[in-house]
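Chain nomenclature is as follows: A, B, C, D and E, assigned in order of appearance, with residue numbering initiated at 1 for each chain independently.
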Amino acid sequence: AQASEQYLPSLVYRTGPFAPSGIGFADGFADYVTLINERDGGINGVRIRLEECETAYANDRGVECYERLKDRGNGATVVAPLSTGITYAVIPRSRRDGIVLSTMGYGRADAAYGRVLDNVFMVPTTYWSSMTATLDYIAEQEGGWENMRGKDIVHAFHDSAYGREPLGVLRHYAEEYGFTLHEMAISPPGVEQRSVWQQIRRIQPDWVSLYGWGVMNPTAIRTAASMGIPRDRIIGGIYAAQDDAVLPAGSAAEGYKAVTFHGPGADYPIYDELQQYVYDAGLAAGDGDLMGTIAYNRGLINAGYIIEAWRQAQAEFGEGRPVTREETLWAWQQLKIDEDRVAELGMDGLMPTVDITCENHEGDGRVMVQQWDGENWNQLTDWLDTNRELVEGMYRDSAMRYAQEEGITPRSCD
Amino acid sequence: MMFFFEVLIGGLMSGIMYALVALGFVLIFKASGVFNFAQAAMVLFAAMFMAGMYGDWGVPYWLAIPITILLMIGLAWVIERFVLRHLVNQEPIIMFMATIGIFFAIIGFAEIIWGSRSRTLDVGLPDDMLFIGDMLFQQYDIVTALMVAVLVVLLMIFAQKTRMGRVLRAVADDHQAAQSVGIKLSTVWVVVWSVAGVVAVVAGIVWGGSLGVQPVMVDVAFKALPVLLLGGLTSIHGAIIAGLIIGAGEALAEVYLGPIIGGGIDNWFAYIIAMAFMVWRPEGLFGEKIIERI
Amino acid sequence: MAEQASAQQAEEALLSLNNIEVVYNHVVLVLKGVSLEVAPGSIVALLGGNGAGKSTTLKAISGLLTGERGEITRGNIHYNGENVTHLTAADRVQRGVLHVMEGRRVFEHLTVDENLQVGSYGRKDGAAAIQKDMEMVYDYFPRLRERRKSVAGYTSGGEQQMLAMGRAMMARPRMILLDEPSMGLAPQLVEEIFNIVTTLRREEGVTFLVAEQNTNVALRNADYGYILENGRIVMYGDAAQLRENPDVKEFYLGVSSGEGKKSFRNVKHYKRRKRWLS
Amino acid sequence: MIYRESGQFKKTYEADQAILPLRTDQIFMVGVLLVAFLVIPMVASNYVMNALLLPFLIYALAAIGLNLLVGYCGQISLGTGGFMAVGAFAAWNLATRTELPMPVIFLLAGLITAGTGVLFGLPALRIKGFYLAVTTLAAQFFLIWLLQRPWFNNYSPTGVISAPTVDMFGWTVDSVTDRYYLALIILVIMALIAKNIVRSSTGRKWMAIRDMDVAAEIIGIRPMATKLKAFAVSSFFIGIAGVLWGFLYLGQLEAEAFNIYVSFDVLFMIIIGGLGSILGSIIGAAFVVLVPIFLNVVPSAIGLPLGTAMISYVEIFIFGVLIIFFLIVEPHGIARLWSIVKQKLRLWPFPY
Amino acid sequence: MAANAADVTSRARSSEVLLKVEDVELRFGGVRALRGVSFEVRRGEIFSIIGPNGAGKSSMLNCINGFYHPTSGTITYKGQPRKAMRPYVTASQGVARTFQNIALFKGMSTLDNIMTGRHLKTKATLLENAFWFGRAKREEMEHRKFCEEIIDFLNLQHVRKTAVGTLPYGLQKRVELGRALAAEPELLLLDEPMAGMNLEEKQDMARFILDVNDEFGMTICLIEHDMGVVMDLSDSIVVLDHGEMIGQGTPEEVSNDPKVIEAYLGVQEEGEA
């Protein structure tokens, strides 16, 4: 039986400091795979064998997991490392092994430029793209870019590279449109932020961009609330968009906004099927109360992309058998999931479309703004377009520099 | 100027919250000469039980809190019975290491029961803004400060007005000699760990209320440690005073120094304050003098 | 033969050790079958050279071995008719056995006063009685009274020794195990300590087991003596009798037959010890 | 009497002073080295070498370094993670900003870490015991903060940087086996150096300071110089371990990854293995690296139907219990346990 | 022992004053541990300090070797008056000592403890030690040889490799003496070296002390409560009480001094050990 199974390693962090975000993702990821196995009997009859490995969000344990799982079953073909640190550690390894890395929003942003790292995919967005869309949204709220001049925008960030990552985009826009950017670093883990928010309060900012992670998010929201900073003027970045950012903050979080690369809630056809084939069958990975949370939805769509890529590989190379690493890589390199396909998957409005080309390993990077009303996330905007010209230039510059450092010859895409 | 005071007062308030965690360390250090790394885990453990019982089992807080306190006493007993008792008269570093073992064991245990998801813990402490003149205060802080004040007074009575204080210091000085005069180490330790457990419950309520209950709560310990150092490892009131100093120093530095050197500096700044101070006074502000004789 | 003797007297003795074997760290066998007994109200001296196992014997009795990773692997200890071999140290103190350990072991960070108060930890007879006993201790050791507010860690070696002794007296025990009480004390104080011992025995019926290097004083004040060598009892008997034993005289009292006391300057070069047994 | 020392008379002090005076031990050690150098690369799977042995070797090096400071010199440090990071980032910056050959870079990175260690060791003259332990956290937090400043990662947008390939005297250390060999060779050499230091006058001075610093000073040992030397040497080792961690094992560097928990891990290693024992550091590293993985793998291997999360919780729990268990059985670590076993074997079949 | 004591010019008790203590006063808060103590120690003699408990004897030694610093007064060593200096400097000038409360390095073996005493004589650098070449190895062997002689001399062969922490008290005292001797000091300070020893052991110890004094001309400053020992060994004695010097002189002079008898000796019981 094993030979006809498609092996899927799943690096998860159900423990450790960031477990609250990790659990939802891992559950969604696993439940989607179960759904495919139960409802369809796998991909064209090829069942997927999922194996989890706990990384606790630590780089060394991530590497150990990668090494342990990569040759299990009939061989791993794709891995989602779920952490920027682990991604960096497994990039050289995965290149050597020919395994695809699917990094959703985290990892090397410049991997979005497909000519350098041919096996790493930033589907569906990056911090950079999402920040351009966020600023667009802000400008729109202010009534157009012309009104942005003289505005105060605070970027309150996890004092680490993660939090600093969108600064390039922010500074670029600040210069171009004449708003004042205030960079406020918050030292991780961020259990006490009073003095930062006192400063922010003094600035009386028009908007606050929050790039927190883990416990920093709820604390930031709570502290902001206690200082009277309007929550609907705070927009969380894609990893500050978490249910665990708002739930512990309680009523303080009402009105908090965040950008995400997927739709909110559980109101999609796929959830009915999950209920039917997974939950009611008692096959759910977790307690079942995380359905519709942001982390869970991310797990679902990450698994969705992976399985769609396999499906497309089978279509190309022969259905009804597990695909190889080369075949999987090929499939990712031209992965296309259009609106119709998304709808067929039952994820219309939940999953963004994907269109990978040789050069573009991100897609169009679209995101949407959601708002927490105290109970649920509500969609505020439709998919927002991103500033492709700006970010693609940035990807290219950064990737080419990396290629030079590493002695990689960028492949030709013509 | 107004802003300065606001930051200052905010810092003092955070300092009180740190001191609350530091208190737990102080108690156990007083009673065994050991730096109890597991204190942070005890805070998490208590918070997880309170939040878990309320969230998963629907136990109301007025019941969940006393149950948790009983649980902490049970925990103290287990720790004494299975760990401390076997390490009598060992070097402090060995006992310190054992407390790290306890740290993992209790976190693992709590997670086996409650998992590592984040939970909310809201026992109903008031949480509104409060303006005094132009200055902004939080009710939560004021309530917390009051709770801590009461706790400290009680602890000081426990440690100073009763015979217990002397006995604790004797035990910390020399386990074996304490045994030789008939002090039951097991009783002393169970009592002290239980009291530290109760402090952990209070810290759990306060910190859990502001952070939510999640594994990262143990990191609060790293904010409490400089407070502990500065106050002196053995001093209850030292913890409070040092908490105020560190809290204020850290907040002011964050606001006035942070932007200059680029970044959130409060993680290490408190340590630097404590360290600089200790080069001058190696036992902290109110710590027991280190005896150097030959 | 020691065993036989102990079996006979087992009923009368307050404390009896029966063929005790002690091992440190699971490998070092230190006591190789020690049997001894102490009659109620008596003063028994435990003599022997360095490393003979005197301190180990006392720790076995008071239950303080566990902290040193030692254990009693054979034999048993009876106190007041009860088998106490496996009781905790605190339980034994409660039953009235108090151990004044070798090397002073005062609570360094506590003042002299506080040390004495901690000594009265187990007592239930009220603050007044405790206060009275403190005065008694200070009467015995006026030097301590002068230093009563000082931190014990900063007192001199002899002061600490007095403090350790005084602390033990504060517990009002039935039996005191003294480990080298005379160490580091000025000559008159050595006498004083043994005066206290005899007084306490006389007036309060306290029983003493004293490990002492100062054989002369010890045997003069004791009723009975055991000599320990290499983890075994090699000789025992009435104190007076031991004092007359030629070997004891030569090796412990320094009076070899006939010559009287020798000057330290004239002692022959590194005389190799003669041992009874090993 | 399986383990005998009788019949092995040493005719010179030199022979007695040797690292392994006993024939039995010498044969054993040669055996271990043969296995490590010849057998393991042949039989061990990629996974074992890559994910178990490499981190083990590197952690062992760090543990030896920390043991020099804590176990030999008695200065408890919780800054190991920070110092590893200094080594790693120093090497990375040297490698990217200069044209120096790799061996020189390694050495310099070690020296830079040593310098940093000395700096943070300065308070040790006044501050002692747990107070010192907590102050070393200042190093931990400050260094990690500092290394997160963009300059140190050459303005990498993610803050994570990829390590360059190591090239040692024309040997491109690329395959797993190569990396294993390099780590092993460095460990063996450094362990030997550590052993030499601790059996020399330097080591004795450290131990004297550890056991009683006032007395040490009175017999003429300069406390400051001696402690700082320990900080320097220890940090040198730890710095090199940091370089290997980034360059050989992970292939990437990220300051946050060298967090306080790394420091604790290394501290576990030396305490579980044995304070004041080079061999203990290595055993301890094996314990701390391998046991969690073992605990993690066992339930699924024996078919226990536990979820990943539950396995991790149980793993954490059991790990804690094991630490306690080992401390109770032998507070001086597995190395001491081993020597007690040897003593027992010497007496065998008699119990004492 | 090696005849490395060549710098000791005269083996006979010379008239050269090695150590001169003038009017030393030592205060700890309200406690006056020493009040104006003055005496001289001549090179090559055995000098004793006696007095009741808490008289300030140990404090005096601590002042001499720089662990305490006199509040006032001067200490002149080898003709050089000195003020506050750290103990390791004193040690490097040839002062070694033993302690009342044993201060051995408990985790180290007997041999290692004694070897630490030699460290002032080691020149090998860290690098040499690390690679075990050059002076490192050579010196190690020389010192080892020297220490083995001390071990022989003190009869410690059987515990050479034992950790000193578990040794019985008396042996620890001997190891401590060994460690002090290993430094080949000019001035050896001994703080109650015979406490906790039985007569036989004291006799051995007395022998050691006389031997190092005779053979190497080491000057010895001794604190001891056993009057038999003090009177037999000392060339001169000072008596302290409550920090004050109440008597000074040869053993006969001191033992007949009524003030001394009253404060310390009590009614002389001859034959008392």
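Rule of thumb we're sticking to: contacts are C-beta pairs under 8 Å (C-beta built on N, C-alpha and C of every residue); 3 or more make two chains touch, one makes a residue touch a chain.
Everything numeric in this text was worked out from a predicted model, so none of it was measured.
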Neighbouring chains shared between chain B and chain D, ordered by label: A, C, E
Chains touching both chain A and chain C: B, D
Chain whose Cα centroid lies at the greatest distance from that of chain E: A
Most distant chain from chain D by Cα centroid: C
Computed distance of Cα centres, chain E from chain D, in Å: 41
CA centroid of chain A to CA centroid of chain B, Å: 37
Whole-Å separation of chain centres (CA-atom averages), chain B against chain C: 43
Averaged-CA centre spacing for the pair chain E and chain A, given as whole angstrom: 74
Multi-chain contact sites of chain C, meaning residues that touch two or more partners: 28, 154
For chain B, residues that touch 2 or more chains besides their own: 111, 115-116, 262-265, 267, 293-294
Multi-partner residues of chain E (at least 2 other chains): 67, 99, 101, 103
Which chain pairs touch, all of them: A-B, A-D, B-C, B-D, B-E, C-D, C-E, D-E
For the chain B and chain A complex, residues of the former touching the latter: 3, 6-7, 10-11, 13-14, 17-18, 111, 115-120, 122, 127, 129, 136, 138, 140, 207, 210-217, 219-220, 223, 250-252, 254-255, 258, 262-267
For the chain C and chain B complex, residues of the former touching the latter: 62-64, 66-68, 88-90, 93-94, 98-101, 105-110, 114-115, 117-119, 121-122, 151, 153-154, 167-168, 171
Residues of chain E that touch chain D when the two form their complex: 65, 67, 86-88, 90-92, 96-97, 99, 103-108, 112, 115-120, 122, 124, 126, 129-132, 136-137, 139-141, 143-145, 148, 179-180, 183
Touch list for chain D against partner chain C, complex: 340, 343-344, 347, 352
Chain B-touching residues of chain A, taken from the complex the two chains share: 14-20, 23, 159, 185-189, 191-192, 194-196, 198-199, 201-202, 214-215, 218-219, 222, 226-228, 244, 247-250, 252
